[in-house]
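Note that chain A is present in both complexes that follow, paired respectively with chain B and with chain C.
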Partner chain A sequence: MATIQDSETERDPRLTSDQCIKCQICTAYCPVARVTDRFPGPKFAGPDSQRLRFLPEPVLDLSVDFCINCKTCNLVCPSGVKPSDLNTLARANYVAARGQVPRNWLLGHAELLGRLGSAAAPLTNLVLRDRLVKAIMEKVMGISKERTFPAYARRTFARRFAGRKRGRLHGAGGDSVPSRPRQAAKARKVAYFAGCFANYNDLELGMAVVEVLEHNGCEVVVPPQVCCGLPLIANGEMAAARKNGEFNIKSLGKFAAAGYDIVFSSTSCGLTVRSDYQNLLGLEGAERIAARAYDISEYLLLLHDEGRLDLAFEPGESPLRLAYHAPCHLKAHGVGYPAVKLLQLIPGVEVTDLGKICCGIGGTYGFKKEKYQISMDIGQELFEAIRNSGVPLVASDCETCRIQIEHGVPEVHAVHPAILLREAYRRAEARGRANGRSAERYSQDKDK
Partner chain B sequence: MEKGEWVVVIGGGSTGTGIARDLAMRGVPTTLIEMEDLASGTTGRCHGLLHSGGRYVVADPATARECIEENRILRRIAPHCIEDTGGLFVAVTDEDLEYLPRFLSACRKTGLPAEEISVREALAIEPHLSPRIQAAVRVPDASVDPFRLAVANAAGAREYGAEILRHTKVVGLVKEGDAVAGVRVAEEGDGRERVIRSRFVVNAAGAWSGKIAGMAGISLELVLSKGTLLIFNHRIVNTVINHCHPAGDGDIIVPAGTVSILGTTSVTVPEPDHDRYGIEDEEIPYLLEKGSAMAPFVRSARVIRAFAGVRPLFEGDEEGQGHYGHGEHREHDDRAVSRNYVIIDHETVHGIKNFLTVTGGKLTTYRRMAEAAADVACARLGVAAACRTAGEGLPGVASTEKPRNTFTICECEFVPRAEIQDRLEKLNAADSPQPPQALLADLRRRTRIGMGTCQGAYCGYRTAGVAHETASFSAREANWMLAKFLQERWKGTRPVLWGDQAREAALVAHIYRGIFNIDEKVQ
Partner chain C sequence: MTYDVVVIGGGLAGLVAANVAARRGKGVLLIAEGLASLHMATGCIDLLGYAEPGDAMPVIRPWEALEELSAQAPCHPYAKVGRPLVAESLEWFAGLCREGGCPLAGSTGGENLLLPTGLGTVRPTYLAPETMISGNLADLSGNTGDSGDLLIVGFEGFRDFYPAYVAENLNLAGERYGAHPGWISNWPHAAGVQIGVPDSTNMRDLSAVDLAVRFEREEFRRKVAEKIKEVLARLTCGAEVARVGFPAVLGLEKAVEARHDLEEKLGLRVFEIPILPPSVPGLRLAGVLEKAARAAGVEVLLGSPVVGAEVENGRCRSVTVRTPVRENRYQAEAFVLATGGVLGGGIRVDLDGPREPIFGLPVGHPPAREDWSRPQLMAPEGHAFLRFGVEVDGGLRPLGRDGAVAIENLLAAGSLLAGHGSCNEQSAEGIAIATGYAAGRWC
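Now for the complex of A and B:
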């Protein structure tokens, strides 16, 4: 690669715009540009516009707001440009210059929503599902009435995990670094970053991740953690994101230093901590966390490669055909599709990779009124592929992808791969016990 | 023989368009003749620096005084052509520090507002400045768009009734006895010659003024000094950066629109035509090295193009040949060795009537040169009207509405289709026919198409398509203009083919040769 990579470009991501040769590959791959004219494409909104943003009074163009932040452009660029990062920084500048809109502030502070939502659950869920409330939210806040917020659980995962472990609540803050390893010395130690979704909405996912890891001999702790900051970054709240990042780096850093691997069940949280902390936010100490950070499926596959993954999966009664959708942010991790390989280890499971670019949700993007249709138009290709495959079940590593899939194709269920792995282990245990209860269905688990 | 005008002005650069407007405003019927396009010569091939005068203040205070005076006037009359970037003189070496007090005291004496600021402040304003700079002085330099300035002057001249003939070349002077009585011109397209009679001819052909004077049998002592400049892909600085030392090579960086320009070199060349001289390989690293003393980042920043212009420097015998500028002492008594402009009334100096040459000078002082030349011409014509160009603003050029939904033709420079079409109509409706092969270059000077990162990769074929679709250009002509345009873009890219720009050029070559099958054989 003949691009000039000097210390300056490494320090300032905006300077990667100089490396763009206008090949338009990013525009060809951009899921948004292909369905709407409101976003001119990553090249135009990114490196092209960046030249105007170097002016002392930069041109503020709101079109960057239509970037879905999938990071596909970063991935496909043959020249090392990060158009998505340029857009994100431009959006933050826009917000800084023109002020934040309440809707985006709220969606950015998704964790606050989670905290309030679970405190008032199940009332929150009833309210948020009410058609009138939705209509008002669309009118007043600009949150699409077509969308339903994921249901909030009454207890958080952190509390349930602490309660399960010690029979008592262990502060809201999570685990501290144990003074002495509880397991054998050679056991892998995992600090699990559950993320807001597993913590406030899908507790079963959090529990499944812990169960699968522990089943394979890992010692699992849940460090004190706050929202990774991705919704804040995506909504231009860089200062707040930086604050969250600093908290997490400090907290996770202690575990990393004590030899813990950091494992994420949300691809997007993982990507934020692994890459954005360093590249976008320039946070100190981020590289130490990044060096030990893994997506859960990536981690389990690593155990498998080391011959440490328990392969005694028990197949279900009938062969399970399922489709797999790879989230954009998983692709951005650059680790392949580890979940597909893992699921294929379960006897009787037949996995089809749907091979589509983007589901269209983009985290909070698809919840915004003016972007709802764009979001659904992007997802159309994926929805059709799912319908054509005729499967009842879609596996995907990202929570908002799963929300979008179930929204676009209501007749299918979407699950995290870890849920399916836990099922297979549980079936094996049940059979081992001979008199064990029949395997729970994932959907029941999920609805708890 | 066609209509007799009072004055023919030769040359469509800043000086010629300035003179045409000045004369037209005084009520003198004027025809301007330009062999290529407005600002296609030296005017469009410079830094685009609106001098504060700081560059000349020590060696040539009179010129510096003119610069600061004109700087103030142009900010008033042409705000749409000027970006008030401000300027910094930065001292890097110990020698620069020794020069600094002389510089500051000369600024004070000349009345040039110069304010020393701390190095820390300078680095905060311009983070790419060398951390090794030792002192910084703020001056009222600015960045001026020379294309826009010339086009605005021509438009202003036209408003007052002047005729602007582009792509029309003067091939001879009409002489009657010892007087010049008009010009013989050839149109660029078919080469058809005709005579334009006039009572007076002003030679404002800049680097070509020696050739024009030669048509009257006059030999002018012009030194043609080529200056090479580099264009960076983005604004590596937002302030004009000058190396605080006696004027030298590669010591100015000017932010200009989306880009920054570093220059220049100074090499004597025998010919003014820009397709006759080249850019030497060694000039490029030389400029980068010189520039990196002020801002080390220039070594790694992407260079998208090199270009060169030829300054006409008058080194004739001052006593015999004419008189220099400098306002009040405009007569023969100014003996200072100056790089200022010169006005030669050929009746006084060579005994040839109705003929005047104005040459030398610089973009910043174009209006004053125009005023001085028009004064002499008016005196010879018996016109008493005084110059009004210092008080009346230039017509706006950016009148094109940019509707949001129009297709963007040039994505690097954000040129929408509506703007291209608007400009295209104006060029076609101009006084002289628009040669198809020059269309894209002429549009480039007016809209900035092809001047960005990709140097015409996408806007080239798109604009040719628009020309074919909306104007009367045939497919063959569209191909022709495209090939010409690409060839001209390539000329400036070739000297800077390394790193990202080499990759860019490879892509452009693949698009045009691989997909469109256009290469140099198309003509």
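Now for the complex of A and C:
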């Protein structure tokens, strides 16, 4: 459909509501509306209700609370309406007018959970896995007892990374990460935004991203960073999100100005910084960061396009069959599925595309007691597709998608594509060393 | 990023072109701003419904009419593609739909079907989803034929379908058709009834998709069938009901099975009637085409408009896509433009006139603005603006202002093309498939 895109609608997504032609395509593709009647669908919650929110006394309606923030409606709309953005802004207005509930405040401040959880780990993990604690959390906080928080690491990624750098400067060995960029002369400079999950929970992911980038000749730094703000945005805490955004823009902006590319390993952090900072939060300077920002797989594929990606992957002993799940927030990037292309570069890897199904977690959404069942009902289709594919391993770029996949299909393991790339590089290096040794032995034998 | 072919537009023409090109071994990227035309269409494949704009009676034998049209109007897309390739494209398309579990059917003698619409009007079409075929109002060739009176069923709380209105209009249409010499005499009688939605939560209005999700469940179908049997037992209007017509919501992907199951439960033939968007049969068709495209290796980029093109020495090198995060360029050897006409956004109309926004291709139009449209919205002769389009050569390559090929590695397909009046001809899907198929072959 023809869209009226002028500078005003680009500045304020609320104004796109006038472009709605009521075709309901958004509702047809909404994963939430498909499984429950409690959400009226993106068209009704978004553009239809928007006119009532423009009134001098705006109508507050909590039905938007059931929007999962997957942004599918934004993508499928043929008229340029952004129902997901309308819902998010409406939810924030509701929270501003009626106040926040403690549970949503806490989930929104996921980074605080990370900091505390990390500081008290591994005790935190024991406590958070306790059935009684879970039951109390459900009763008191409204956090579903079916869910388990991801385990917190004792040390953060940022500290580990900093320690590694220091260690090397002082010549201390023992680090498994290859030490030197290989094409130092033409090195690309990367500022890595790890995000809360890699920082507090999955340090190996952060280390793998660094290792893969360095292996391909990039110089990697980890700038000071705070939570991107997505959990805050999703829980209506716009002021706090803006504060985080301003911090990150200032910090990342310095590196962008110095010629660094900014790389994310979490699709949702990436989307927030690249898109929501401008479109939802209207943060100044966000576009300068967006211009240099990439998802890790997108970035590696770019290197491949330039002929700079090391393709000496070593396949595993047996062919690796895995399925790929594309996170909704990756689709919202509009850059296709770069991880699939990357994984296909590894010999012996066979990738099954699971299609375009939402996993149902929606970040903190699926942790909420009243939304847990909706989240699992949405996920059913994906769970079945994974079971039918019969693979033991699922690759996905988003941390909460991976949590949901392992929750819904406990017999499979879910990993970030960067982990698989690192393994293939490590096998290649191990083989190289082994070859080197056997060559050495051969020459020694000859000398004898 | 570099591809062999970039297809711009995710409607029927674009999806067909991408599928065909990928099956030729091309590396294809399909870029779509949103999901569009199929979700607003009926799911039927119109070939040629009316020979002249404003004709009172539809075309019976579309292939003969197509030959005549091609002879009279050499600029018509059907004339550019030629009848043999049009026929080949439709056969290929029907095969793809069959494989995808969404089989299409037509009349035995290649005549048009006459199917009821969601308003109770009569629509000539060439191929229809198998789930709609029993709604055929008249077998125009007179050899077999779906006959028997109709019970049209709607649902309380579903505001996109009014069965009594549909039935009454169908009865009126019967009078009109019966009055035309040589036309149908055994027009069926229709009655309409509304039933409650089993196990309704009453939390919100139901959409077509909500009902389709429910119809995939056997238990829901059983309850619906029970309600209909109650209605049939009470029905005293003299109709001999042989067929039951539902709005087209009988399942998202498993509609074929759902329909068979309902027929068994009711002991009557069952059919779907296309309704207002979002069209569930359109969703099914879009699903089949997209799945087939992905299986053939097509990459699909959704939600991102193409905002510009880089043209050098008469060749397009790349197009620029505006994603939510930045602008990206995609290079290719060939490009297929299938962005739709004025209604689809492929042609923009502003104060300076109509224009094709990506490549700046010229769009023919009457000089005086008052000639672009007629005073009545439903004017039988149709509006000039609905015919705005891009002129192409015999190879579907768009022409510049000088009448020569504008960009040598660019092909156009679908409603974007000039020379047709698909809104009034009832030929949109036929044109989209034929030109999409040809573009996929020739790019």
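Going forward, the second predicted complex is superposed on the first by the 413 of 448 C-alpha atoms of A that agree within 3 Å, B and C clash if a C-alpha of one lies under 4 Å from a C-alpha of the other, contacts with A are read in each partner's own complex, and residues count from 1 in each chain.
One rule holds in what follows: a residue touches a chain if its C-beta (ideal position, glycine included) is under 8 Å from a C-beta of that chain, and two chains touch if they have at least 3 such contacts.
Note that the structure is predicted; figures quoted are calculated from it, not measured.
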Clash or fit: chain B and chain C on chain A? clash
Contacts of A:50 with chain B and chain C, given as first, second, both or neither: first
Per the contact definition in the header, classify A:62: touching chain B only (first), chain C only (second), both, or neither. neither
Is chain A touched at more residues by chain B or by chain C? C
In the superposed arrangement, does A:140 touch chain B (first), chain C (second), both or neither? neither
In the overlaid three-chain picture, which partner chain does A:37 touch, first (chain B) or second (chain C), both, or neither? both
Identify the partner contact of A:79: answer first if only chain B is touched, second if only chain C is, both if each is, neither if none is. both
First, second, both or neither for A:312, with chain B first and chain C second: neither
Once the structures are superposed on A, label A:19 by its partner contacts, choosing first (chain B), second (chain C), both or neither. first
I need the one stretch of chain B that runs into chain C once the two models are overlaid. Options are 75-83, 129-137 or 471-479. 471-479
In chain A, both chain B and chain C touch residues 2-3, 23, 37, 40, 44, 79
Can you tell me which positions in chain A touch chain B when the two form their complex? 2-4, 6, 8-9, 17-23, 37, 40, 43-44, 47-48, 50-52, 54-56, 79
Under the touch definition given earlier, write down the residues of chain B that touch chain A in their complex. 85, 233-235, 238, 258-259, 297, 300-302, 405, 408, 411-412, 414, 452-454, 457-458, 498-500, 502-504, 507
Mind pulling up the chain A residues that touch chain C in the complex? 1-3, 23-25, 27-29, 33-34, 37-38, 40-41, 44, 74-80, 270-271, 274-275, 279, 290-291, 293, 305, 331-337, 353, 355
Spell out the part of chain C that touches chain A in their complex, as residue ranges. 1-2, 29, 33-36, 39-40, 201, 203-204, 207-210, 213, 277-278, 283, 291, 294, 299-305, 321, 323-326, 328, 342-345, 348-349
